[in-house]
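What follows is a set of structures for review.
Common to both upcoming complexes is chain A, partnered first by chain B, then by chain C.
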Partner chain A sequence: MLEYLLSLAILMTIWSLLTQSYNLSFGLTGLFNLGHIIFYGMGAYTAAILSTQFGSPFLLNLLLGALIAGAFAAVLGLLTLRLSGHYLAIATLGAAMIAIVVATNWISLTNGPMGIRGISQPSILGVEFSSSWAVLALYLVIVIACQWVLWRLFRSPFGRLQRAIAHDEIAAKGLGKDTFRSQVWSLTLSAAFAAVAGGLYAHYRLFLDPSIFALPEIIFLLLMLIVGGQGSFSGAIGGTVIVLLLGEVPRFVGFPDALIGPARNLLYAALLISCMFFAPRGVVWLFTRRRASI
Partner chain B sequence: MDLLLQLLWNGIVTGSLIALVALGLTLIYGVGGFLQFAHGELVAVGAYSFMVSHKYWGWPVVPALLLTLGVTLLVGLLIERVFFRPLRDRDALIPLVVSIGLSIGIQALILIGFGAGILTISDGAAPNMALLSGHLLATPVQIIALVTSLLLMLGLQSFLTYTRPGKMLRAVSSNRSLASMFGLSADSAMRWIFGIGTVLAAVAGVFLGYEQNLEPTMGVQIGIMAFAALILGAVGSVPGAIVGAYIIGILQSLLVGYGVIPSGFTAAIPFVVLILMLLVKPAGLFGTRFTAIRH
Partner chain C sequence: MTLLLVENLSKSFGGVRAVDGLSFTVRPGSITGLIGPNGAGKTTAFNLITHFVPAESGQILYQGEDLRRVPAHRIVRKGIARTFQQIRLFRNLTVRENLLLACSHTYDGWWSSFSPVDEDLHLERLTALLEEVGLQDYLDHSAAELSYGQSKLVEILRCVLQDADLILLDEPAAGVNPTLLRTVERLIRRLNRDGKTLLIIEHHMPFLMRIADEVVVMENGRFLMQDTPEKVQTDPRVLEAYLGA
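What follows is the complex of A and B.
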């Protein structure tokens, strides 16, 4: 039981960073990007491959994952961010679907659907973090540091410009701001943090397969952000906790094991739709009755 | 030569089924102004209802087909009434997110009802018929699928051009507020569109179920191909959706058949086409307005 609670806490820590990174591009800048899971998966695969093929150290894996995903996001952004609303959504969703096909079929790199096993446990300067308590402590430190950087970003002139772009892009342009460039930067930074979360996930789960890119994961992430309220810093963390806890409900109401996955997806789908109907600005906003803002 | 002919034939049959799905999507976009991501799931609903009535209950083809159309139509109209009508005047991204949720939800229901395994409608491979003095192999189902799809496309085009409800749909699509001043209600237009789209999707589902297999993700797979066809043609255009669908079907068949692309990567082809098209000419082959690009 304790082990289960610890694993839930570790997942919450990882996903809170992923949701917050999504909050930067989707929530703050208002980019309707449905492919954010690609960056998470890239970070996870980078860490898994580096760790199993070259035995490279944990922190270096996280850093390289962030660099690779950031560079990829910059290219993707330069190519797709001129598209508007639903075209951007469909193009980025398409990119996520390509990612799952590539991860499944580029066997020499990713070992395909069999997945990568034997990823090393996190260690820093020879100190192994093997117990769940140690991993949780380490991950909390890393994630809080990243969250702090993101919080500074949200509060910086850069963050204010992003919010202005989400609110009224033409007005921001009228003030002489290069909105396209800021959007590409927003996507790049948000991808880099998502990749760190992916690296943390790979070094915790010690196993990785292409399902990390699957459609339910995309919904899951979207739901966490929407429950919390787009653009709200605390909301992203709250949304992650609420959604992950709700996702554990089917486990305790006596569903057969084979049905837990579909039951959870059904629950998430229902939640996502209800949020869109009744609380498009976030459930947190419903209670504070304030426009979601930090 | 025979290979080329065979690949073209397979591509045309697949393209026809994609076109049936893409037509529904393009009509919904034209009238409702949003992308309905869950449209592909109606294909799956059609395929599974046909399998249950025809294979499990042993109904003959015609009653099973009627039941399938009825069930799918009911689901399609319910989805419109419950999920999309209340959201009609909201930002177009909200119905898109709702439809993604619906897609996952319907897939989960299919998983709960039928399991993740691959199912078939017909046991054993259908006999191939040799056409064109043996140069081409085709199954009877393929031929019926092609003829039916072509008839449905023709029927839809004449319905939109010549009949009263068809003209109403075109009026609402081109200017909703002006149409409402003439007493044409957007609600009934959306009902028509969802009804037509759902019937087309159910027919595609029955043929897909016969030709290939049934699996919970079949709706997303064909739905994504239809999306690619839609963007390739021009979102909201009927001829655009049809041409786009045939291009996707034939391209996929040729690229895989000639081994240009390993068969595992087949599923990526529509996305690559979709993204390339969005980058090169986002308005689509038949589009004139560059609505896809922000100002």
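What follows is the complex of A and C.
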């Protein structure tokens, strides 16, 4: 039971970072990007490949994953951010589909559907974090540090500009703001943090396959943000915790194993509909009741 | 001497010729009105000058520099600020945040999140401006809480804070009650005294004729005349096209 709870806590820690990174580009800047999972997967694959093929250290894997995903996001942003709304969503969703195909078929790099095994456990300066307690402690430190950086971004004039762009890009341009550049930066930073979350995931699971890019993952991410509150810093964390905990409920109410998946989906649907009716700005807003809750 | 020269400017939307060979000038330090019936192309002219809509042909010279290749966000940095016909405040931000966005572009990059940001430098100026228009109590209110007239004022203040030499105001008096209208007028006159040049689209004729030094008249996307308010008000072409007999 303890091991299960620790595993849940570690996943929550990783997903809180992934959701917050998505909150930066989607929640704060208003980019309807459905390809965010690409950056998570890129971070995970970078860590897995570097770890298994070059034996490179854990922190370097995270850093390189962030750099590669950030660079890729910058290029993707330059190509797609002239689009907006549904067009951007379709273009980025298409990019996510391509990522699955690449991860499945570039066998020499990713080992295809067989996946990558033997990813090293996290270690820093020769100290291995092999127990779940140790991994949780390490991941908490890393994720809190990343969340602090994101918090600074949210609270800064940069964050204020992103909120302005999300509300009215034309008005922001009218104030002399280079909205395109700001959006590209938002996507780039958002991708870099998603990649760190992906790297943490790979080094925790120790196995990786193309399912990390699957469409349900992005739906899951959207659900967390909508439940917590799009654009709200605390909402992204709250939404992650609520959705992941709710997903575990069917395990404890005696559902047969075969029904746990469908029951979970029903609960998520009920949660989403409830939020639309009772907390359209997110559950965290119900407690803070402040505009632009941070 | 000319601050802004618009020459032979044209723009079509589909089959509609919104602006058709428009030419006029704006003298430095003047208040110039831009009038015409609805659909005359006044707002399109603003959008062409500020490059929110690209011109098909013609010239826009500001202080001698052609603006047609300057992107919209760079126009502000050249010294031209504008308001919009429909109020475009950021309703998800406070009045303070709306105004701070206009103050400086120094902190727009993400790296500013990790360097000391001393926005208090701007606060004194913000407070003084809000006091000037009677909105000092609204500094930390959400922009969504402002009335229509108050929103117009804050939008004009955002222009003021951009330190532009030329301010384009699109219908600053529309939908504003008489008390706030006096405030708008006082503010415009004060800005003009401080050396700012204003180009104002307006349908409120008594207001515009009081404050304008010159008036440009448009009809069906074309230039009709440019002269003093007195002459414009008595010109038969303007009377027929716009003001009524």
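One rule holds for everything that comes next: the second predicted complex is superposed on the first by the 260 of 294 C-alpha atoms of A that agree within 3 Å, B and C clash if a C-alpha of one lies under 4 Å from a C-alpha of the other, contacts with A are read in each partner's own complex, and residues count from 1 in each chain.
We adopt the following convention: a residue touches a chain if its C-beta (ideal position, glycine included) is under 8 Å from a C-beta of that chain, and two chains touch if they have at least 3 such contacts.
The shown structure was predicted, so the numbers you read here are calculated from the model rather than taken from an experiment.
Engineer: Tell me the contact category for A:Ile170 with respect to chain B and chain C: first, second, both or neither.
Structural biologist: both
Engineer: In the superposed arrangement, does A:Ser156 touch chain B (first), chain C (second), both or neither?
Structural biologist: second
Engineer: Once the shared chain is lined up, is A:Phe277 touching chain B (first), chain C (second), both, or neither of them?
Structural biologist: Touch partner of A:Phe277: chain B, not chain C.
Engineer: Quick one: name whichever of chain B and chain C touches more residues of chain A.
Structural biologist: Touched residues of chain A are more numerous for B.
Engineer: Contact-wise, after the overlay, does A:Asp178 reach chain B, chain C, both or neither (first, second, both, neither)?
Structural biologist: second
Engineer: So in the superposed three-chain picture, is A:Gly85 touching just chain B, just chain C, both, or none of them (first/second/both/neither)?
Structural biologist: First partner only, chain B.
Engineer: Which residues would you name on chain A as touching chain B in one complex and chain C in the other?
Structural biologist: Correct list for chain A: 170.
Engineer: Along chain A, where are the residues that touch chain C in the complex?
Structural biologist: 149, 152-153, 155-161, 163-164, 166-168, 170-179, 182, 185, 189, 291-292
Engineer: Quick check on the complex: what are the chain B residues that touch chain A?
Structural biologist: That would be residues 34-35, 83, 86-87, 90, 92-94, 96-98, 100-105, 107-109, 111-112, 115, 220, 224, 227-228, 231, 262, 264-265, 267-268, 270-272, 274-275, 278-279, 282, 291-295 of chain B.
Engineer: Any idea which chain C residues touch chain A in the complex?
Structural biologist: Within the complex, chain C contacts chain A at residues 50, 52, 72-77, 81-82, 84, 88-93, 97, 100-102, 105, 107-110, 112-114, 117, 119, 142, 144, 158, 162.
Engineer: Note which residues of chain A are touching chain B in the complex, please.
Structural biologist: Per the stated touch rule, the residues are 32, 34, 79-80, 82-87, 89-91, 94-95, 97-98, 101-102, 104-105, 169-170, 215-216, 218-219, 222, 226, 258-259, 261-263, 265-266, 268-270, 272-273, 276-277, 280.
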